[in-house]
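Chains: A, B, C and D, in written order; residue numbering restarts at 1 for each.
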Amino acid sequence: MTDHVLTYMTFFPVAGMVAVLLLPRERHDLIRWVSALFTVPPLLLAVWLFRNFDRANPGFQFIEKFDWIPAYNIQYFVGVDGISISMVLLTALLSFLCIFASWGIDKGVKGYFALFLLLDAGMMGVFVALDFFLFYIFWEVMLLPMYFLIGIWGGPRREYAAIKFFLYTLFGSVLMLLAILALYFTTEPHTFDMTQLIAQSDRYGTTPLPFWPFDQLRWGFQHVVWMALFIGFAIKIPAFPFHTWLPDAHVEAPTAISVILAGVLLKMGTYGILRINYSMFPEATGDLAFWFLGALGAWNIIYGALCAMAQKDLKKLVAYSSVSHMGYVMLGMATFTPHGINGAVLQMFNHGTITGMLFLMVGVIYDRAHHRDIEGFGGVAAIMPVYTGVSAFAIFASMGLPGLSGFISEVLVLLGAWQKYPVLSVLGASGVILTAGYLLWTVQRVFLGATNEKYKTMPEINGRELFTMIPLAVIILIVGVYPSVVLDLLSASLEQLNQAVIPHLG
Amino acid sequence: MVGLTHYLVIGAILFCLGLYTVLTRRNAISILMGVELILNSANINYVAFAHYSSGSLDGQIYAIFVIMLAAAEAAVGLAIVLAIFQLFHTIDVAATETLRE
Amino acid sequence: MEISTAIFYLVAAVTVGSAAMVAFSRNIIHSAFSLLGTFAGVAGIYVFLGADFVAGVQVLVYVGGILVLILFAVMLTHRITDVQITNRSAGRIPGLVVVAILFVLLVQSIGETPWAKAKEVVYKATTASIGDLFLGDYLLPFELASLVLLAALIGAVVLARQEIKE
Amino acid sequence: MDHPIQTDYLRWIVLLPLLGAVWNGLLGAQLQKRLGKWVISLFACGPVVGSFLLSVAAFQDLLSREPEQRFLIDRVYPWITLATLNVDVAFWVDPLSAVMILVVTGIGGLIHIYSVGYMHDDRSFWRYFAFLNLFTFAMLMLVTADNLLLMFIGWEGVGLCSYALIGFWYHDHVNTRAGNKAFLVNRVGDFGFILGIFLIFWSLDHHGHATVTFREIQKFVSLLQGQEIWGIGVITLATLFLFLGATGKSAQIPLHVWLPDAMQGPTPVSALIHAATMVTAGVYMIVRLHFLYSLAPLTLHVVAFIGLATALGAATIALTQTDIKRVLAYSTISQLGYMFLGAGVAAYGAAIFHLMTHAFFKACLFLGSGSVIHAMGGEQDMRNMGGLRRHMPWTFLTFTVAVLAIAGTPLTAGFFSKDEILWQAFSSPHGTPLLWFFGVVGAGLTAFYMFRQLFLVFFGECRANHHVKEHLHESPAVMTLPLVVLAVGSIVAGWIGAPAAFAPMFGPNLFAAWLEPVVGGRHEAQGSATLEEILMVLSVSVAAAGVYLAYRMYFKRSLSPERFSSLANGRPYRLFFNKYYVDEFYQSVFVDGALKLARVGAWIDEHIIDFIVDGSAKTTAFVSWLNGLFDNYVIDGLVNAVADGTFWAGGKFRKVQTGNINSYLYVILGAVIVVIIVKLRYGS
């Protein structure tokens, strides 16, 4: 059993999908419970993984590897290290919770849960795959269900949103595929094995670009591949100016899908950059990180916060807050200090839990009021006090209140950034003020003020909804009070990554 | 000295005879016999190449598969012939050209 | 000329000759029985090529199975008392011409092609190795072949049942 | 100092209020419904009283040691351990933080008890106490933290509670807006604070001693001298950043605007958070980091200047306000300015001394005004009060004592502490007589507006309407008792820090001696005791002049206030009354500016980026439409032509389709033959 933990984690949801497909379509509750059941083992395995992960080992663990398509040297190769472990945990947790958040879906239940489970498998696969080909397959496996989940179960403008999402990500995928093939054909022997590619990361140093006319810019092969991969991942993050799919996709997607989108999918961008761009092209990373990660990250922080401030739709506001918060991840990654980079990965984890909670919060009130217009509420605190309490918790966590998890990661990122780029650090820190601004303003308009007569009879948050939010709240609190619980997992691998890039910094 | 060429020529002869059978016969069973000849010629080539060119057993394995499939084909083919005979009371392929437009 | 070469030519002659009988005989019964000679001759050629197992299979399957099937079919479709147990042919001349052209071309190709040569030509018992290969590298095709056979079996039975129904 | 003693009970000083907060926060609503409010009160006041007792124990523990050994620490667990960043959750108590925890838990406890009476009719009784306890926890964390990051938790934590309690009555947007304002302005300060931490951390990292722990910073601070960033000394910049944090929390110019609005919260909250404890955090922080500030003379000048400007500016605004709580709010800002003035002339002990005495009399004033508001049924405008001394004797008495103290009447606590600051401003190496002069002017203003308030509220005819007048009553004992305790404190608390001139009466300056191990000795440089006494008399006379003026204007009514308010066409009056228009300025520049930028950002997203995205989609659609036309008429035309041709040819060739396998075979064979020929002829 323990030899194949990662495989089990990845393919349990697929088994669940098959099981769901075999169930009669009108047995809605049965379908829901079966889906929930099939997300439990990955969660338990994630806990097991958390307990048994060797924190001192910077390399890959729980490796499974065998030939898949030997003719092209393609392998089934999975494993986790410090960079992916936290994401695997997050995916298992959010998938489980989101099944419960999807309880209210009553159109095409069978299809929804089947696709959801497939999505779950795809996401897990992306984080554990160590073979580039396998990685790409999981990456695409995850996109398709997402397209349908938004396009079929979404809001009124779902088709626009789904197509926008699909076009953006497809564009990214194509660039990524080209980059992957370029890597494949430059290795000798040709391989998709990430560990091999990482081990050969110094081989690009002297490879000049055959068709690059500008010698003085000293761009080599690896810079171009780096950029192709970066754009592919930046769309996922989403980094300015590739971010406009996010608000639309979020607004139209059903609650649980928004949670997954924000909680897991966005992380794939930054995860990909760390796993692939950083480790395979340390030199190009050293050359390009400042502008494309550091400066762009700081810009993301401020720009996202400003855009969030101008939104009238609650869900759109949360979506833009994601843009802002992912900026911290980019900024942290660009610092190459242990603080910054650990903070960045921790921020990925924290953003998953915090923003997940925020979207669940929006979902709860949308289910009751059937609109998300910020100005259209008011005085919800008097009607739904428990809901208000939980929401306030999430909002303050998002604001980076000390003692909660968001604070730790943001401080680490800004602390790391200060050493390398003090100006960016100052800009990033000023983003904290803006964040507080739009979030408090939201709290005031939605929860506080005179009770809105229209919603006087709105029912309090129910047990199921609380069940989806409380575990996240507990994690947010624990990580805030004792961050080592996550940091210990990350630091060894990230230190290794740092050491690979640092010699190449300009 | 007997070499690869000899076997290939035998194969070619068998192939041509089989082909001729298939081309000229009107009797379904005869056509099947022709097909068997063609298959045998192919098998000879397989085994000959295996013996002289590759030095591995792969060719033989293929030959065995071909034999297997030939057996299956013969069983099904002859069953069809019987069914056709039952339907048309003849096995002359010219009499059963219902595929024609 | 060595004995083995002589025997080779003998076997080849039997094979080709009976094949010609198959092709040209007017009586279908004769054709069918000539097929026996061809099959046996091919089995002999396999022996010359060091393929003992294939030769065995050839005898068992072709001679023991397929040929018997053909004979049965012949008998079932032609009353033995029938005067007309003929084997009608048509378009002999064009067939002969085309096949002849093809044959010439084939021989030309055989002659002109630089065939790969094995390092050494070995003769040794192959049965054990073939068994290993079947249960190793070729396991999947092997299993598939068994499926095909099963399908053929069932298919034949189904087709034959139609006959009784009618 | 190098081997501090691990003292396990310190954590409970901090954690007890947290337990109370969690208990009341999670279960309070149910408990209140099922068992009544007394349970809530018990679980709210109990932990704070417990913390107070533990604080006293810690204090005695310190007393029993040699002055150099007065240091207790409680390491709970390592909080963040990452490369060079090692931060423990650790609480320490030294003479400085001992003073603070006694003030926080002592005065905090009294205010908790007072609140039981004040908030008795409120539906969200439990929520109030949950936040009040949470505040106490955060404040204790702030003062006992042994490192900057942990302090920052408390720093933001008190901000959160302040936000929640200002907007406690959230049904009215006036309150929630005030809360938002407080939090946001504090965030600006926190922004500076956190950057200050970063700067210190990395500058020390440069020398291989990266740390955020106070004691270690103190140990290595000398390494930072001469180090520069952006052309400014690192210490100067770091202290300026931190001071920005202090101006936010302690409502100093330019971040003072939130405090008057914060009076929207329940009055005990104003007393505890916005007078006695939280707003003094900035002063505490500067004193805590005095070793840094002492090395940055430029920053010290800035601190002193800002402190003095705030003291004067807020005092002038207080002259014109009519809301009973707003006067007190501006008075608080003004008094905090004095504390910063003290800190700015490196008289850290004096600053803390004033902090402590101020906590007593300002808490007393706020609670007294709360008592008045309670009795007046929520009325806060002083123009509608008057003559209350007959109806509320205890409140009147305690209020008067506190007013005397803040006005600097000799022998009261305020007299000693304010005088200490003024004397230091005059005599310290960082001070000048000019600072003293303006400080004295401020003292005169203070005396004036406080007595103005006293006369307006408690003397003269009652101007309240009939309805209110009937319900005038003295507050219950649970409220007056804390008032009495605080009033007594407002007098005697100063005696422990009396200057040498009063040594025969009150003994030596115990307070300065107590803090000496932390902040160093009191500057006795320049000027003699005689000079000190002369200055003292001068400042008292100025204050007395202020009192006299108030007496003429608001008691005897022999001098019309309009004579002053209409000076210079009333321009200064309007300037004071409108708080120098700072709120309006901030609103139009920062708030509206940010909103405008936000709209620009959203517009860019919607109209530029999405224009490009949608445009490319539309272009694609257009191209495919063209393509479609092309397909329909050109390609399809061709295809149809081919199809028609094929159809026609098919008709011709249909005879080829014989159904005869032989004919198919011939065709195939023909093709094969052609292929072989081609291969033979042209193949390699």
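Just so we're on the same page, a residue touches a chain if its C-beta (ideal position, glycine included) is under 8 Å from a C-beta of that chain, and two chains touch if they have at least 3 such contacts.
Here the structure is a predicted model, which is why all the values come from computation and not from measurement.
Indicate, using Cα centroids, the chain positioned nearest the centre of all protein chains shown.
A
Give, as an integer number of Å, the spacing between the C-alpha centres of subunit C and subunit B.
6
Distance-wise, how many Å sit between the C-alpha centres of subunit B and subunit D, to the nearest whole number?
Between these chains, centre-to-centre, one finds 95 Å.
Per the centroid of Cα atoms for each chain, what is the distance between subunit A and subunit B, given in Å?
Between these chains, centre-to-centre, one finds 61 Å.
How many Å are there between the centre of subunit A and the centre of subunit D, using C-alpha atoms for each centre?
Each chain reduced to its C-alpha mean, subunit A and subunit D end up 34 Å apart.
For subunit D, write out the residues touching at least two other chains, lowest number first.
Expected reply: 662, 666, 669.
If I count partner chains per residue in subunit A, which residues reach a count of at least 2?
none
Give me the residues of subunit C that touch two or more other chains.
Within subunit C, the residues that touch at least two other chains are 90-91, 98, 102, 106.
Can you work out from the touch definition every pair of chains that touches here?
A-D, B-C, B-D, C-D
Going by the contact rule set out above, which residues of subunit C touch subunit D in the complex?
The touching residues are 90-91, 94, 98, 101-102, 105-106, 108-109, 112.
For the complex, give me every residue of subunit D touching subunit B.
Interface residues on subunit D, with respect to subunit B: 654, 657-662, 665-666, 669.
Given the complex with subunit B, which residues does subunit C contribute to the contact?
Touching subunit B: residues 4-5, 8, 12, 15-16, 19-20, 22-23, 28, 31-32, 35, 38-39, 42, 45-46, 48-51, 53-54, 57-58, 61-62, 65-66, 69-70, 72-74, 76-77, 87-92, 95-96, 98-100, 102-103, 106-107, 110-111, 115-122, 126, 129-130, 133-134, 138, 141, 145, 148-149, 151-153, 155-157, 159-160, 162-163, 166 of subunit C.
Which residues, counting only subunit D, touch subunit C once they are in their complex?
662, 666, 669-670, 672-673, 676-677, 679-680
Which residues of subunit D touch subunit A in the complex?
Residues 25, 29, 77-85, 149, 152-153, 155-157, 160, 163, 167, 170-173, 176-177, 179-180, 183-184, 187-188, 190-191, 194-195, 197-199, 201-202, 205, 229-230, 594-595, 597-602, 605, 609-610, 613, 617.
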